[in-house]
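When the chains are written out, they are named A, B, C and D in that same order, and each has its own residue count from 1.
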Amino acid sequence: MRVDLNADAGESFGAFTMGDDAALMASVTSTSLAAGFHAGDPSVLRRSLVLAKGNRVAVGAHPGLPDLNGFGRRELHVTPDEAEDLVLYQVAAVAGVAAAEGIRLQHVKPHGALYSMAMRSPHIARAIVKAVLAFNPSLILFAPPRSELFVIGESSGLRVAAEVFADRTYENDGSLTPRSTAGALVTDANVALERVLHMLETHTVVTRNGAALDMRVDTVCIHSDTPGAGKIAFALRKGLEARGVTVAPLLSNGSSPEGA
Amino acid sequence: MRVDLNADAGESFGAFTMGDDAALMASVTSTSLAAGFHAGDPSVLRRSLVLAKGNRVAVGAHPGLPDLNGFGRRELHVTPDEAEDLVLYQVAAVAGVAAAEGIRLQHVKPHGALYSMAMRSPHIARAIVKAVLAFNPSLILFAPPRSELFVIGESSGLRVAAEVFADRTYENDGSLTPRSTAGALVTDANVALERVLHMLETHTVVTRNGAALDMRVDTVCIHSDTPGAGKIAFALRKGLEARGVTVAPLLSNGSSPEGA
Amino acid sequence: MRVDLNADAGESFGAFTMGDDAALMASVTSTSLAAGFHAGDPSVLRRSLVLAKGNRVAVGAHPGLPDLNGFGRRELHVTPDEAEDLVLYQVAAVAGVAAAEGIRLQHVKPHGALYSMAMRSPHIARAIVKAVLAFNPSLILFAPPRSELFVIGESSGLRVAAEVFADRTYENDGSLTPRSTAGALVTDANVALERVLHMLETHTVVTRNGAALDMRVDTVCIHSDTPGAGKIAFALRKGLEARGVTVAPLLSNGSSPEGA
Amino acid sequence: MRVDLNADAGESFGAFTMGDDAALMASVTSTSLAAGFHAGDPSVLRRSLVLAKGNRVAVGAHPGLPDLNGFGRRELHVTPDEAEDLVLYQVAAVAGVAAAEGIRLQHVKPHGALYSMAMRSPHIARAIVKAVLAFNPSLILFAPPRSELFVIGESSGLRVAAEVFADRTYENDGSLTPRSTAGALVTDANVALERVLHMLETHTVVTRNGAALDMRVDTVCIHSDTPGAGKIAFALRKGLEARGVTVAPLLSNGSSPEGA
């Protein structure tokens, strides 16, 4: 068994700090870096890239909606063209700054409300896929299994990584339980570990209502703003490895980002 | 005699339109595209790239200070590290979106107050040069002759293009006459043409006070917000060619951007 | 017969100009000023207030969603609390700067997507009404007849002005024809005048599909970005007055804003 | 002996939290609230006002430069007119939202680089004073003793409160030791207390180089981002009161903000 462990990072903005990037980067194998639209700024991005390189963590772009005040978590009705352009721009910025630090981008993962919109809207999903294809068709797209983004990404020829959430519960339709629902967040590292192991072993997830749902797992996300995210990431990494799971980035050769 | 004719473009922002890009692109040979910090947005950038490609105009990045409300024309005391990071980010964004449109970037030209700061501050000049070197040392840097930016760019091994302004007068120290001074703007296309021809023929410029100043000229800028900029650009292009001057982009092979 | 004629203004942003405020202010009797979230900035706001005062035009606040790049025309899923807070903030800012210029605020009119959301969402409508009540319950709320905003505003004790659009057509359900539909914009000043006169005389509007719809009219809006808005406003003012309609602000004493 | 104890608050921005407002508000007697330009947003502002009211803390506006990424601490070369307009706008916004919460504004304190610029530039100082006079001449202006802002404020008829910093050292010319200099920050609460008591008793401050400088003290600031700011504020409040100093807001009747 093999899996990638990912977390968002680079979400600070000037004097406004967010997330414990150093703790997360010590345990994850991939990280998605903000590009300044919903979080992050040019200096934060660069420091995050250096941090990722030092920890041999594979890097992806984490494009979001232009809504810093809402942290990209509020739906904004952009047109598909606008979505395509803002994803392309953000992927280009992260990839270019990464290249200046000797890092080749591994993946693209839409953030927050853009990710949610792409799960259910084929128009937004297609826009994101078009942006990735236009920039670099060898980039891996992170998407939730069975989502519009997943299906359209695969059918367009992109390599798509099925992403699940260690720190969130699922509904019967495969969607994440809304954050506003009690119990939506899994903050106990042991519970998170057992959930992930169950998914890896059975290729299913147990929903909040007890149903078993097919669930392919290529990469497991720990939200950087879940309380104790650094500790959960550490526990997951150690726990998975203790159970014999190889925890590694997604690039097929499993090389470090520098060697990619 | 040979010279490049450049204008800024891509400075609209959403519903806020600025500049007559279509008119300018019909006459210039290079254009510097904003990246969203002082002007421009992801969709405007992409449309501007398509427009440049259609007009066979070479493309550069036009990084500016993060001050949309001041159009990047107010000095902001960023540190050299911040300057380096924000230039790197913007160049990366423009270069990456350009690449997705099949365009290789020709140059980098700092905008507004960042350009002015880099003329006299070796710290800011060095920061900009470091950003360009880190991203792609084959990019051409636009800089005013004799400025800190010019000197540091050349001594760092970058190819630097000496830029003069067709629509602005000069002071005896080689600086541009401040916009607030009467007569600082040259809005008569014939006067602008004669000024440029004089510079190309004599390698000197006549300052506002009548002095002759040595002035190397590789590229001539028409500010996109000078009244009648499109007409001035058209008159310059036709007038220069009528006098036997080759008007072409800076890439040594003189190829169109697609062929570069 | 009496009616107020209104237009948005103060929508420029730094060097980015938008709208012909001078032309519109010469003909309208009320104006709604942006507060910097979707358009406008502190200096533009102040100049617009001086312009309104000089033209004896009554002033309102025009709060919008925090989306400068989308000009506040893209829906953003703010919570009702966020909507209330951002309306309160913007009304406070416009009212306070207006007071410094000796102007008492007449009204509040939500902008763009916020206006649309408040037409159909009772949650957003209530949030806006709460903000106005908290700031100053004597302010007049502009709302489309029969909308949630209109109904909740009236039932909450606010004075609500029924607003119709001279330059837009209506659907059978009372909504505006979407801008993307051919014929949605009325750009012929004579057609606009006859439409408004018909509404004032019959208290009905003829929809795009020919139905007659009850339509109370207290204030008529000319969109500042409709092509030829200034001319339409002038033609409406002159045409209405030529037919004996009193065109005046909404304040019950009909006084100029300075006298309010 | 009597003194006001103040701290900045309301500096969070959406999901980006900054400062321990609850801890500071428990100990200070006045607070300066950000207005969204360098920090803060409409919802943060409103919550901060409710928190201040609950702690019977007097409220001021804390206008800053429009530079969220630089937290308003980088000089931006705004014109005096721009400075006046952006101060007026921010004071209006904070005052209006405060009024909706039943709070009368006590004071205005420029933030960060705007405060520094107003210390030495009579143009910027005059712009700020003009904005306060235009909005409400009974507001108290916070300014460092002997600064241009202080002198121009007093000579213009404003009530000016001499502000000193408990957590910063001073140079011989009365300026604050730059943050980049070792020892510029006083983070030991006992040292801060003794420094403030010395100022109150002797009307002088001992500079970093040992000189004694005349120093009037009306209000003492604890920076909200100094490490342990909440504890320093608590220690100052208790320590000052234990030595017989009355710690109270500046309003002459000493009333709570609700009673103002």
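Miscellaneous remarks
Going forward, a residue touches a chain if its C-beta (ideal position, glycine included) is under 8 Å from a C-beta of that chain, and two chains touch if they have at least 3 such contacts.
This is a predicted model, so every value here is computed, not measured.
With rounding to the nearest 5, the Cα superposition of chain A on chain B corresponds to a rotation angle of 180 degrees. Looking at A-C alongside B-C, one finds more C-beta pairs in contact between the chains of B-C. Two copies of one chain, chain A and chain D, form a contact in which over half of the residue numbers belong to both partners.
Separating the centre of chain B from that of chain C, both taken as means of CA atoms, is a distance of 41 Å.
Measuring from the averaged C-alpha position of chain A to that of chain C gives a distance of 43 Å.
Across the assembly, chain C contributes residues 69-70 that each touch 2 or more other chains. Taken together, the chain B residues at the contact with chain A in this complex read 36, 42-43, 45-46, 81-82, 85-86, 88-97, 99-100, 131, 134-135.
Looking at the complex, you find that chain A touches chain C at residues 66-67, 69-70, 74-78, 113.
Interface residues of chain A facing chain D in the complex, by the touch rule stated above, are 13-18, 41, 68-71, 73, 225.
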